[in-house]
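Here come two complexes built around chain A, the first alongside chain B, the second alongside chain C.
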Partner chain A sequence: METTSTLEKTLRLIALTLVVIFFMFPIFWILLMSFQTNETILAIPPSVIFTPTLSNYAALITGKLTTAAGTLDIAFMRNLMNSIFLSVTSVAISLVLGVPAAYAFARHKFKGSEDIAFTLLSFRFAPPLLVLLPLTQYFQWLGLSDTYFGLIWVYQLICLPLILWIVRGYFEDISADVEYAYRIAGHSWFATFRKIALPLAGPGIAAAGLLAFIFAWNNFVFALVLASADKQPVTVGALAFVTSSGIQYGQIASAIVLSVTPTLALALYAQRYLVEGLSLGAVKG
Partner chain B sequence: MASTATLRKPASGFRISRKMLPYVLSLPALLVCIGILIPFFTAVIYSFQRYRLSQPWARQFNWGENYLNFFTDPAFWNTLKVSLLYAGITVTLELLLGLGIALLLQRRSTVNNFISIMLLLPLMIAPALAALMWKLMTNPSFGILSYLASLIGLHDFRWASSPSTALLTVVLVDIWVYTPFIMILLLAGLRSLPTQPFEAAALDGVPRTFVFFRITLPMLTPYILTATLFRLLDSIQQFDIIYAMTQGGPGNTLTVFQVEAYLNFFQSTNVGRSAALMVILWAITYLLSNIFIKNWLRLRERARGEA
Partner chain C sequence: MTTLQLKNIVKRYKTNTVLDNLSLDVADGETLVLFGPSGAGKTVLLRLVAGVIDPEEGQILIGGEDVSDIDAEHRGIGMAFQNFALFPHMSAFDNIASPLTATNSTKDAISAGVHKVAKLLKIDHVLSHHPKALSNGQKQRTALARALAGSPPLLLLDDPLRNVDAKLRFEMRLELPRLLAAQGATVVYVTQDYKEAMALGDRIAVMSQGRIRQIGTPEDIYNTPADIEIARLFGDPTINLLDVTPKAGPEGIHVELSNVKVTLPDMPADVAGRACVIGLRPEAIAFTDAGAPGAIPVTVEAETPLNEKTVTLVLTARGREILVSRPAGTPGPVSGPAHIAVNGKAAFLFDKESGGLIRTAAAPMTRNGEAA
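Up next is the complex of A and B:
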């Protein structure tokens, strides 16, 4: 490995540069567009030299877009709030339900435990529309079709398997001996769980929660099928925005930037855990 | 969590509660998901019915007719062909590219680590939003990619709006989003390989291509298989990118399974056909996921063992 020629070094450098350009350019370009007016966006040839403007963001935040043809209402901030609310609530509920279950699967090999764990995992791999399409009808019958509650429930299918499998791995990595010692000292099961197991698995639980948040935020099809217009998250809202105001390119770009910033920030923050999380604990980072 | 109050009471009920504890702990999570099994069975029943939302009175069991009709239905064969083509092309290209990038970044250095973190960003963008980003970049009137295409002589290159290049365009977006996934799994795999075989080979002056094909690749195979099957399972079900980019069009160029089922349900309101399509896709993914889970479990055991 050490005997690398100059030629090889150069080739590697070129290859890496191309890779970085391919994967980074779209993010860079959309970020630039979000600070441009339609005039500079439509200019030919495209240029990176322009006077940046915050008017796109201002229009999104105030929800009013003034054009020559009149004012247009944009519900984008509403979508952003929906995304925050849906993702945070779904992950919180998933943690409350999933962490104790993960602990049970890790510590007690009870009858059917592997089957249950696999059933939960298989939800990760089934085609979502298979259940979503009949679910639209059930939601109408149950009166859930216009509620956050219904959406949050369905979002559990994204968050729960993820949290269960990642956190279970973290609990399995903690030696049970510490817990036994604490139990023998006369502490209850719950105290052991709360004072010993939870803090030790803390980083893993946090990482699983962050990943679940990213997946919930990025989900598209669940909300597309089940959410009414005023409950839509950014993924669905941005698409609707494109259809309704197809020519406001600057605003579309800034809407995309606002929509992806939270997940990108979290991913950078939690990048140490991403490998393990994405492979559900199969590959250590 | 209500159950914990009873569990904290010591002595008397201890043996029973200890036995019941794992069930009590995992029951809420299970209950939340079990609700989903009901619509699953409903979908299977729908797939055996003649059921159109526009003609609710004509709803009745027609048993296998929805499935039998597929044999003579060119739209179905198109769906099957496009889905397999999409999954095949994306996974193959992403695997080659992901492996290549992982090998480039294998050596631990500040620059390499920084690049590998940067490359994760596309993966963290919602695929539907990624599709919109590329839609802006391939817009015929101002898209930077359309402009670049015109510079190399491809004037009026239509990207996703032309039937001949639509598949290529969505594949490109898929590659942009998901290559980092394969890359980070393989990079983690490469970096966890034992160093002795490589040191021994270097000492003996074994050619690098030989080392790659005879040592690196075989040792990396479980990681490659896991990453590939993971992606294959997702890719054959791709919906977000294709729907956000072209809604299955132009025409029926990109009506992969989930897009076709969605359009059948909401546009032509043919619930029976839509459900039958989903059941077939489910059968395909079930087979794949069984192979996948076996493989993945083996890898997971190994990862746990090394921890």
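Up next is the complex of A and C:
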């Protein structure tokens, strides 16, 4: 038994290592690239031994990109701020709208409620390109194209269904009796929502908010079409590194590192909420 | 204290009628037990009274006032749930305090109120614990304390002892009447346990399939069950029910059990020849000697000693199973052939077709098995 167990352990370790390498290597490679110049990146054979340089980060932060063809202005820091602003605001608005709606869908079955909820979810099925063209036209008529307001509005297509459907499930998991008990004790439905439903669904709301944030952050196509340079997030801004004089791999790598960092930090921070959220069932009884 | 009246209540879920034209009066300060199998509509009835669901038809009056337009939080009701329904993210203290915080009481008043009721229910040492850290019994007491904390004039208790162990249930069954009396509230108590119903109820309403089948004092229900079903539900061990066809004879109506004549005194003459079911509580049957008058030969199958009585399962010559109960410590056969005698005075007679009671026992037994 001892030998099989050791063998099992070894095999498991190997399998895990392979999986981790498969998923983590590209990220690790990007991290290495971000400290290299274009010359060392493109060297054949590639090497992990090089003299690290911070020039890529410096270029991003100062906004001056020096290439063989001359100096280019890049707005990466502005893109990063745009990303943060757009994602945070979109998720905040989605939470304000989506959480009460999720509660309503979970607790009050009215005629057509399932249909409305499903229609909202169906926004997630449609490829964004399908709605992009009419949306662009509407936005031009309405004067919403190339505004933060318009972008945040479109981002609701991404965030709202996600939050609505995830949080609805968490509300449904709360025993109705617990809420009844609070109402019967003399509290209004709103107090019950605030003091019972919200805290109990808290981990779920945090998880849904985090997911919505990641989806909003990673969005590319809406921002590409509907926003001009000064309102674009990092996902679109990274295109600026494809210059006439070549692709600036080093800067792209460091831009990726910088733009991944906020979501990664958030995910790590919220990890315990995610775990708590997933084990909400333990609350009963 | 207040009164509760339900008038012609109908509650449907889609096509399923859960409460069917149900009317009920609960007097001021009374403890009414709703007793019935699961799915009878007991819990739905409590929720209608509490105001968390609405009836399709009918009126609910609390203290004589129609409450159909009054929301749950303004009905002045205390309720304990079968699954406790404690707020998992609040301490026991905050759980119990919830009816008090709703009324804008001062912090001191809330604290005093919580400690008073917690002391009454012996949970004052666990007030800082969250529900997760409480034992089942403590959870149950916390739920009860929460229902009592606001001193509501009307208390709804939905099978609060269902999810606690037997020992605790027994303790609480003893403790509850005192607690409820101290509150002075009008109480509607739901249970599926007939002993609990008998111990706690001033009156018992027996429900099944959305209707009230019988309502009366515990003694009424036990001694005059309206039909076979109710007779079967009330009594432990269960009443013996045997198909019989009564016959008329010189000594009045009698039935034959294993060809032995058992006279049933005071029976109406028209039952002769009708298909009937005789109901014999295990206490109404005793072991006897072979030569004694009315001795029915049986075979002893199994014996179960309970605390205060011994229950024996016997088979008649025709293979019908009969339960016989006798006070613990009295001698009786353990196996093999034996004889039983039936106390015809303590027999119930039901109509086989309708299940309705034809005639109650002329000399009903009390709950303890003694002749009344």
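We take it that the second predicted complex is superposed on the first by the 232 of 285 C-alpha atoms of A that agree within 3 Å, B and C clash if a C-alpha of one lies under 4 Å from a C-alpha of the other, contacts with A are read in each partner's own complex, and residues count from 1 in each chain.
Operating definition for what follows: a contact is a pair of C-beta atoms (placed from the backbone, for glycine too) under 8 Å apart; a residue touches a chain by one contact, two chains touch by 3 or more.
Just so it is clear, the structure is predicted and the values come from calculations on it, not from any experiment.
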{"item": "First (chain B), second (chain C), both or neither touched by A:D146", "value": "neither"}
{"item": "First, second, both or neither for A:L164, with chain B first and chain C second", "value": "first"}
{"item": "Contacts of A:L200 with chain B and chain C, given as first, second, both or neither", "value": "second"}
{"item": "First, second, both or neither for A:S188, with chain B first and chain C second", "value": "both"}
{"item": "First, second, both or neither for A:A101, with chain B first and chain C second", "value": "first"}
{"item": "Larger contact residue set on chain A - chain B or chain C", "value": "B"}
{"item": "Chain B versus chain C as contact partner of A:D177, first or second or both or neither", "value": "second"}
{"item": "Chain B versus chain C as contact partner of A:L42, first or second or both or neither", "value": "first"}
{"item": "Contact residues common to both interfaces of chain A (with chain B and with chain C)", "value": "188-189, 191, 283-285"}
{"item": "List of chain A residues in touch with chain C within their complex", "value": "175, 177-178, 180-189, 191, 196, 199-200, 283-285"}
{"item": "Chain B to chain A touching residues, read off their complex", "value": "1, 4, 7-8, 10, 17-18, 21-23, 25-26, 28-30, 32-33, 35-36, 38-40, 42-43, 46, 100-101, 104-105, 107, 115, 117-130, 132-137, 139, 141-142, 144, 147, 176, 179-181, 184-185, 188-189, 192, 198, 202, 223, 226-227, 230, 233, 237, 239-240, 243-244, 257-258, 261-262, 265, 271, 274-275, 278-279, 281-282, 285-286, 288-289, 292-293, 296, 299-300, 303-304, 306-307"}
{"item": "Chain C to chain A touching residues, read off their complex", "value": "47, 50-52, 71-75, 77-79, 81, 83-89, 98-99, 102-103, 131, 139, 146, 150"}
{"item": "Interface residues, chain A side, partner chain B - complex", "value": "1-2, 12, 15-16, 19-20, 22-24, 26-27, 29-30, 33, 41-46, 96-98, 100-101, 103-105, 107-108, 110, 113, 116, 118-123, 125-135, 137-138, 153-154, 156-157, 160, 164, 169, 172-173, 188-191, 214, 217-221, 224-225, 234-236, 238-239, 242, 249, 252-253, 256, 259-260, 263-264, 266-268, 271, 274-275, 278-285"}
